[in-house]
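A, B, C and D are the chain letters, set down in written order, and residue numbers restart from 1 in every chain.
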Amino acid sequence: MPRKGLIDIQSGPSPHDIPINQVGVSQVRYPVIVFDKNGGTQHTVSTVSMYVDLPRDFRGTHMSRFIEILNKYRNGISTRNLGNIMREMKEHLSASRSFFDIEFPFFLHKHAPVSKSESLMEYICSIHGDSEMPFFTLCVNVPVLSVCPCSKQISEYGAHNQRSTITIRVQSEKIVWIEDIIALAESSASSDLYALLKREDEKFVTERSYENPCFVEDIVRNCAEKLFKIESISGFSVESTNMESIHNHAAYAKILHNFRS
Amino acid sequence: MPRKGLIDIQSGPSPHDIPINQVGVSQVRYPVIVFDKNGGTQHTVSTVSMYVDLPRDFRGTHMSRFIEILNKYRNGISTRNLGNIMREMKEHLSASRSFFDIEFPFFLHKHAPVSKSESLMEYICSIHGDSEMPFFTLCVNVPVLSVCPCSKQISEYGAHNQRSTITIRVQSEKIVWIEDIIALAESSASSDLYALLKREDEKFVTERSYENPCFVEDIVRNCAEKLFKIESISGFSVESTNMESIHNHAAYAKILHNFRS
Amino acid sequence: MPRKGLIDIQSGPSPHDIPINQVGVSQVRYPVIVFDKNGGTQHTVSTVSMYVDLPRDFRGTHMSRFIEILNKYRNGISTRNLGNIMREMKEHLSASRSFFDIEFPFFLHKHAPVSKSESLMEYICSIHGDSEMPFFTLCVNVPVLSVCPCSKQISEYGAHNQRSTITIRVQSEKIVWIEDIIALAESSASSDLYALLKREDEKFVTERSYENPCFVEDIVRNCAEKLFKIESISGFSVESTNMESIHNHAAYAKILHNFRS
Amino acid sequence: MPRKGLIDIQSGPSPHDIPINQVGVSQVRYPVIVFDKNGGTQHTVSTVSMYVDLPRDFRGTHMSRFIEILNKYRNGISTRNLGNIMREMKEHLSASRSFFDIEFPFFLHKHAPVSKSESLMEYICSIHGDSEMPFFTLCVNVPVLSVCPCSKQISEYGAHNQRSTITIRVQSEKIVWIEDIIALAESSASSDLYALLKREDEKFVTERSYENPCFVEDIVRNCAEKLFKIESISGFSVESTNMESIHNHAAYAKILHNFRS
């Protein structure tokens, strides 16, 4: 007879007859290595969620196994082994479906447009996997500058402008590089941002953005137009949130195309 | 010829041939009046998003009109006039579809279980409307207490327990009262919470919850079982997030039933 | 002999010989009524912290008494009875010092500068009381628009601008109206913000702000200059955080004057 | 005559006669390398603020120089070169005082108490430097488990417990290791936390914590008692926030000792 302390009541029968779509751990913080497009890697820190489905006849899943799987990959959780992690989740948790979400800051070296001064920009990214889908969903958040075309048009001088965040989600069975999505988004607004701008750069960015005003609607359409041309992308969602500098709220727009949520 | 300052370039043609799914304002903060089940009202503060669709041949929407509509109802934005607001959005913005999201804290007077001491509990709620759907989606977040059945079973004494948040979303063409969803959720965990407990209440809550341990899986199944019985609810989603007291992450479970997102 | 369940171990001796500076409840959510300068009131929702000191010879305080005091005032917690609440905290908790912090959104009706269209603006405020001090500390956060003077100066056209948040804390033994601090801050940046601007207002705000560029340093100095002139204010702190539209970080400045923290 | 674009108006005279206490950049995100007590390093991601004072006769500081200094150390910003960074800030910005704040997640390998299973725990840390002070202030946030002594005492069985966060700030002219502060905090509550616990570990943690109940007051006193014994620490602040599992708010306590803020 087992000791009181070792009965596995999670594996016992469920008093309900209801299957659970997703059960697991969330808000797990873990270091992660992300592969760059140029063949290098970067060390960053992630927030992870891991779920499986649970049939109607089991009372509970085994929460510690999720962390055991994560721990096994702790010296190299990367965008390359998410597929393996999701397969192990199904196996070790006797599940028919597994879900994996990971969010992390990604850094890019950028050069200021005139002085070429180098600095780092942060982009919050996430990857979502669902074992029932043939693709991963990559999400990239790109802060940009937007100058209001209406304000420019109606004013004798000046134009209100602000920081905007473009959020692009792409679904593809092939590798999509974070760097490519960032470049696509940064070329779809009035200007991209930099951590370090010297005076000559500030002049350049101010003038370039004034010459290139765009509404929140223009930003998402500019992005969508480019995303349509990437054949390997089966579906996408593109959003922009403009932190209006003349209001205390945001302007927002979203385009969906064959996006499966 | 119009003055430079008054040209309406938003109404001009779009250089793209791409329709936009949602465009409008987000993160708008506004006072709101919410109707209680018992016929009263409560004043609270909300965060609002208002979007419409935009056809391929218009460059932009008119952002100020969203706020004008909101402003018209400012002495009484309530769960009762969301339908009217959404109709006005379609009319005044020449759109074929409108979306309205409103989130607000809702307070309930509760009596402690033994001393009957009265206090207020806060529940974060939101209502989501989509003019294409015949229903509103009501979302209610309910903090509860969960005692771990495994920890109780395997330990000589004690059992780890923690605050959990149950998030229920229901879709219905009829009125669903926030109070009823709260009651449903609070009876589905080890115990409900109170802002004010005297010593005799604390004893009662501790013992009741120890007698009634539940996994995160049990919580969502307990809720789902009750939601299935409410005929007017066409679809629902129920989630629970347990802020594990023995870990630095959360345990999570989710059941979906005919839920349209 | 008392039942096991009713022993008051908080009042028992402390195994340590260490006094505690602050002990109590935090993150308490409660509706609150705030008095307007014009004699009216507004209903809003607050987050409250209530602490007392605890001498070295007591093991614990009585947490439920904080909520009981708050509950007593639940139909009218206001800036007018904070002094009474703090006196009751000392009495009912046998403490020599009490602290009370309350944070809430405050709304102001504003008229757009040209069209006079009315809308509501939100300002996050807080009040901090310490029974050892003869004053309350009022904190008001005011979102404004800042146009960069350097960008304007060096560029052929345009100038980067962005939303900034001015945070003013004032200490006074007399009543200081939130509305007066808001007006002081809004007149210290390139322009104030509005929830609703028609096209003629947008032109006005764009041009006014371009004519009135200011660095983050100018903003805090403009505020400080005005605060120095208010005799009833014994000390203040003024900060500005500019959410730079050309960078992904903020510019920040702070001036302190006889401020007691 | 300088081109319009290159005038340095920041260096021009200030229209006010008011010195600024702190001016610079905040919310800068940057990768950072942190040195471990055992001689190793870990790569993590930080949020940085850098400020200097500004005399009454200068209109503005030079924001880009802060990022240039940060950038110079980008392959090795560490707790070891903060002093150098602060000296360079004073030099390159012609300031008499500099401030540096850096916050980052720090990870520790932990072994479960019985099974010895290994996992990673995250602790949010920050370091604050002020060139006028002979010390750095190290802040470490440590999540722990707290079992309520009152609930245990008055109840026939069980005891409510919850996750608490201990926040310790120490000021010292010598090196204080993050690992030592974590150990000090984790031994001051009912139990420490783990990312991975097998069934035998869960039994151990449940029973150990039930045997070792502690109020929020006990936690801060337990920490303070240990901090008093570390001679190199000149001042400290210790706080605990218990996310009460029977309430929807937190219990809080704080002890200050010779802490300079």
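By our rule, a residue touches a chain if its C-beta (ideal position, glycine included) is under 8 Å from a C-beta of that chain, and two chains touch if they have at least 3 such contacts.
Since the model is a prediction, treat every value here as computed from it, not as a measurement.
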- Note on the structure: Overlap of the subunit C and subunit D neighbour lists contains A, B
- Query: Quick one: which chain's Cα centre is the longest way from subunit D's?
  - Reply: B
- Could you please state the distance in Å, as a whole number, between where the Cα atoms of subunit A are centred and where those of subunit C are centred? 34
- So how far apart, in whole Å, are subunit A and subunit D when each is placed at the average of its C-alpha atoms? 27
- Residues of subunit D touching 2+ other chains? 5-6, 28-29, 122, 150, 154-156, 195, 197, 199, 203, 248-249
- Write out the stretch or stretches of subunit D touching subunit C in their complex. 4-7, 9-10, 14-16, 18-29, 49, 51, 54, 59-61, 63, 149-150, 153-156, 215-218, 220-222, 224-225, 241, 248-256, 261
- Message: Using the touch definition from the top, list the residues of subunit A that touch subunit D in their complex.
- Response: 5-6, 8, 28-31, 42-45, 64, 67-68, 71, 74, 105, 107, 117-120, 122, 195-200, 203
- Item | Contact footprint of subunit A on subunit C as seen in their complex | 121-122, 143, 145, 147-148, 150-152, 154-163, 191, 193-195, 197, 199, 202-203, 205-207, 209-210, 243-249
